[in-house]
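In the two complexes below, subunit A is the common chain; its partner is subunit B in one and subunit C in the other.
Moving on to the complex of A and B:
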């Protein structure tokens, strides 16, 4: 294994950042927006009533794990993955890999990343970091949310890798096992774009894609019925801002990152039309950010009467219309591209 | 060579923040330029919603884009870091 020092970079999102970081450090030239775009990361899903959630919520990206899996299948990369039934076995295996000089991505509960300020840390079981070394009881960590390599106590990492609750990591780890010498990005990019268009426009599930944005727009005036009190409603409305801006989305619910992907795809595919679409996606991102700020403001000011929620609903409906137009045009643009 | 960050720019940023967030009763001279604006002991302390408002105000006033929120968090850490970012962006747009 190479003894070259690990090159750390900040990332917009933890999973795309960890995948990009591992691949870059193995010598593959790929950017985080390309990982995001090739894996059809852009998405929307609204969950009004589901057992897993105590309150209506939404997502703006594909399922955790999909970015790694799709990038692997579309570029011919093979990742080795493992889960563990006990913390001891998980720690032992991680230490073996580190001792062999293999940087390893691990799934963790974000809360235990104690190098980050306390006010930033919440319990989320799907944060990804890369472990690049160990000295004594401290691991050397590359976390895309932190500006430089950082140390983390083994006891904290153990808690983080084996935290309980929803989507518990169970010590999950991965690292690239095989990267082809000659990677053709063109086909992978086209596949990534096609599937993103399908997810946003045609997936036959009424709460996913553009249909999901419309569903959320229609149902948001009902949210007060599900809230315990104004404080709870305010918290849930402000969470719209958190989910769009504050949870490793690259800003505006991943829309800025997708715009950057299209800009880079325009160069790789030699399709200047995608540059124009990239600009359109940036503007769509700006509008999501305005919506995000509106939600944050009314939540913070407890200004949550029916009129305000109708305004929020109208903003969401506009975002659905924008995205429907956008993805139809994107779909047309790449229709005959092979 | 990068232009030095001017005291005028720092004052302008302080006033922009105060105007954006409708903050009155603070003397801009009392806002520490290096001290964090979030979770610290500065005369001006902000929360994440304020942060988003400030990002959008900076984007509008200086015609720059701050897309990545991890980058944004570093930029709006203090008055100095905002001033540094704006100065660098102005330099980039000239070249």
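Moving on to the complex of A and C:
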């Protein structure tokens, strides 16, 4: 048996949560919103048709893996990372690290996390959990989406770490190897904000950033064409709420967490203008939440005619306008800051 | 969002939300999932209807048990093919009732792994449908 003393905390999101949790357990005092903001986590992308998905969908965060990479490069932290060609090698290495008392984050297919209720579990290869011990055939897991440390059978973890398909984990694991003694947050925060503004306003891809929100608004009235029947359409429309509120976003598609980051950044950078912007972002989040509640309501009532979908589209257009204004102002505010 | 507006009573699924606290500071609060707390029954109803309609399609020999699981687990053809490590053309055949009859043991085990079900569970959908047919046959 091996077990590392580990302080488990629930998190809003799995990747920012796992990174924060590993760093906190190594003694670094950093919050999840800081990890999220420094790594330019806030984002929007609309995917109308992709081979990996059965229905149009959207994302509200940057590419998986970027939170760890950006936090590392911007704060001077070094993470040890490994991938494996065989499940046997991946399991052996994980066991060695745990035996040495090193808590290790692993990338997994969310579907095999059988401690979570069935309705939550979907096939998505970019969930992150921290393995903190092993007893017999069970791993002790710190999952930011679960209130306590929990056990997971080795056979389930193996399936989850070596699931094939889109963004296959290939046994990927990481843990912090070096944390500098004197971390300067100021520059990292500014870089994080600048890149977030670029992602939201200027990224030259028509379905990403604010353009992505507008693309989704334009295409949502077409969604009935892709649904098997009304119940399927209802399910997909209600999934808007799940993706914005439930699946580890901290509410309103990460907008509430970004508001929290900006409030904390205002204190660190001594920029009261950012406090004002954090309040604006909180209000933008409230509007996203209104949209997600609207989606849940029309889905539940099967009230999914063209007029309702146009209303949903109009709400999305308003969110795009709000965010375009917001990120332009944020970009201006941070422009001359070094 | 104010902290008081974030509270949802749903012990089955807890989440972290970032909210405005009473002192004006923003921070995390642990609460229940809004969707699970309010709409789980609707999700389960739709799921039940989907399972029933897929079982009927198997009974009518329109689709295979692989198709049943693929739809229930919301996997695209490309994704299932990549996850099971079976080429797309072969998966397409296995989605059809007739094509599934010729499935080999190795492929069945690969699908079982992806679906987190046993090979017996997958096959039982077929047996269930055959029994169902026999039961409904007039004497």
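Worth pointing out:
By definition in this document, the second predicted complex is superposed on the first by the 331 of 338 C-alpha atoms of A that agree within 3 Å, B and C clash if a C-alpha of one lies under 4 Å from a C-alpha of the other, contacts with A are read in each partner's own complex, and residues count from 1 in each chain.
Here is the rule we go by: contacts are C-beta pairs under 8 Å (C-beta built on N, C-alpha and C of every residue); 3 or more make two chains touch, one makes a residue touch a chain.
Nothing here was measured: the structure is a model prediction, and the numbers come from that model.
Superposition of the two structures on subunit A leads subunit B and subunit C into a clash.
Applying the stated contact rule after C-alpha superposition, one finds that A:212 touches neither subunit B nor subunit C. When the two structures are aligned on the shared chain, A:119 is found in touch with subunit B and with subunit C. Contacts of A:253 after superposition: neither subunit B nor subunit C is touched.
Measured by the number of subunit A residues touched, the leading partner among subunit B and subunit C is C.
By the document's definition of touching, neither partner reaches A:171: not subunit B, not subunit C.
Judged by the touch definition given at the top, the superposed model places A:33 against subunit C, while subunit B stays out of reach. Once the two complexes are overlaid on chain A, the subunit A residues touched by subunit B in the first and by subunit C in the second are 10-12, 117, 119, 144-145, 147, 238, 241-242, 245-246, 248, 250-252, 256-257, 259-260, 282, 285, 289, 293, 296, 299-300. Put simply, subunit C touches subunit A in their complex at residues 1, 6, 12-20, 25-28, 30, 33-36, 38-40, 42-44, 46-47, 49-50, 73-76, 78-79, 82-85, 113-114, 116.
Of all the residues in subunit A, the ones that touch subunit C in their complex are 10-12, 32-33, 51-54, 111-112, 117, 119-120, 122-123, 144-147, 159, 163-166, 168, 231-232, 234-235, 238, 241-242, 245-246, 248, 250-252, 256-257, 259-260, 263, 278, 282, 285-286, 289, 293, 296, 299-300. Here subunit B touches subunit A in the complex through residues 38-39, 47-49, 52-53, 56, 65-72, 74, going by the rule given at the top. By the touch rule above, subunit A contacts subunit B in their complex via residues 10-12, 117, 119, 144-145, 147, 238, 241-242, 245-246, 248-252, 256-257, 259-260, 282, 285, 289-290, 292-293, 296-297, 299-300.
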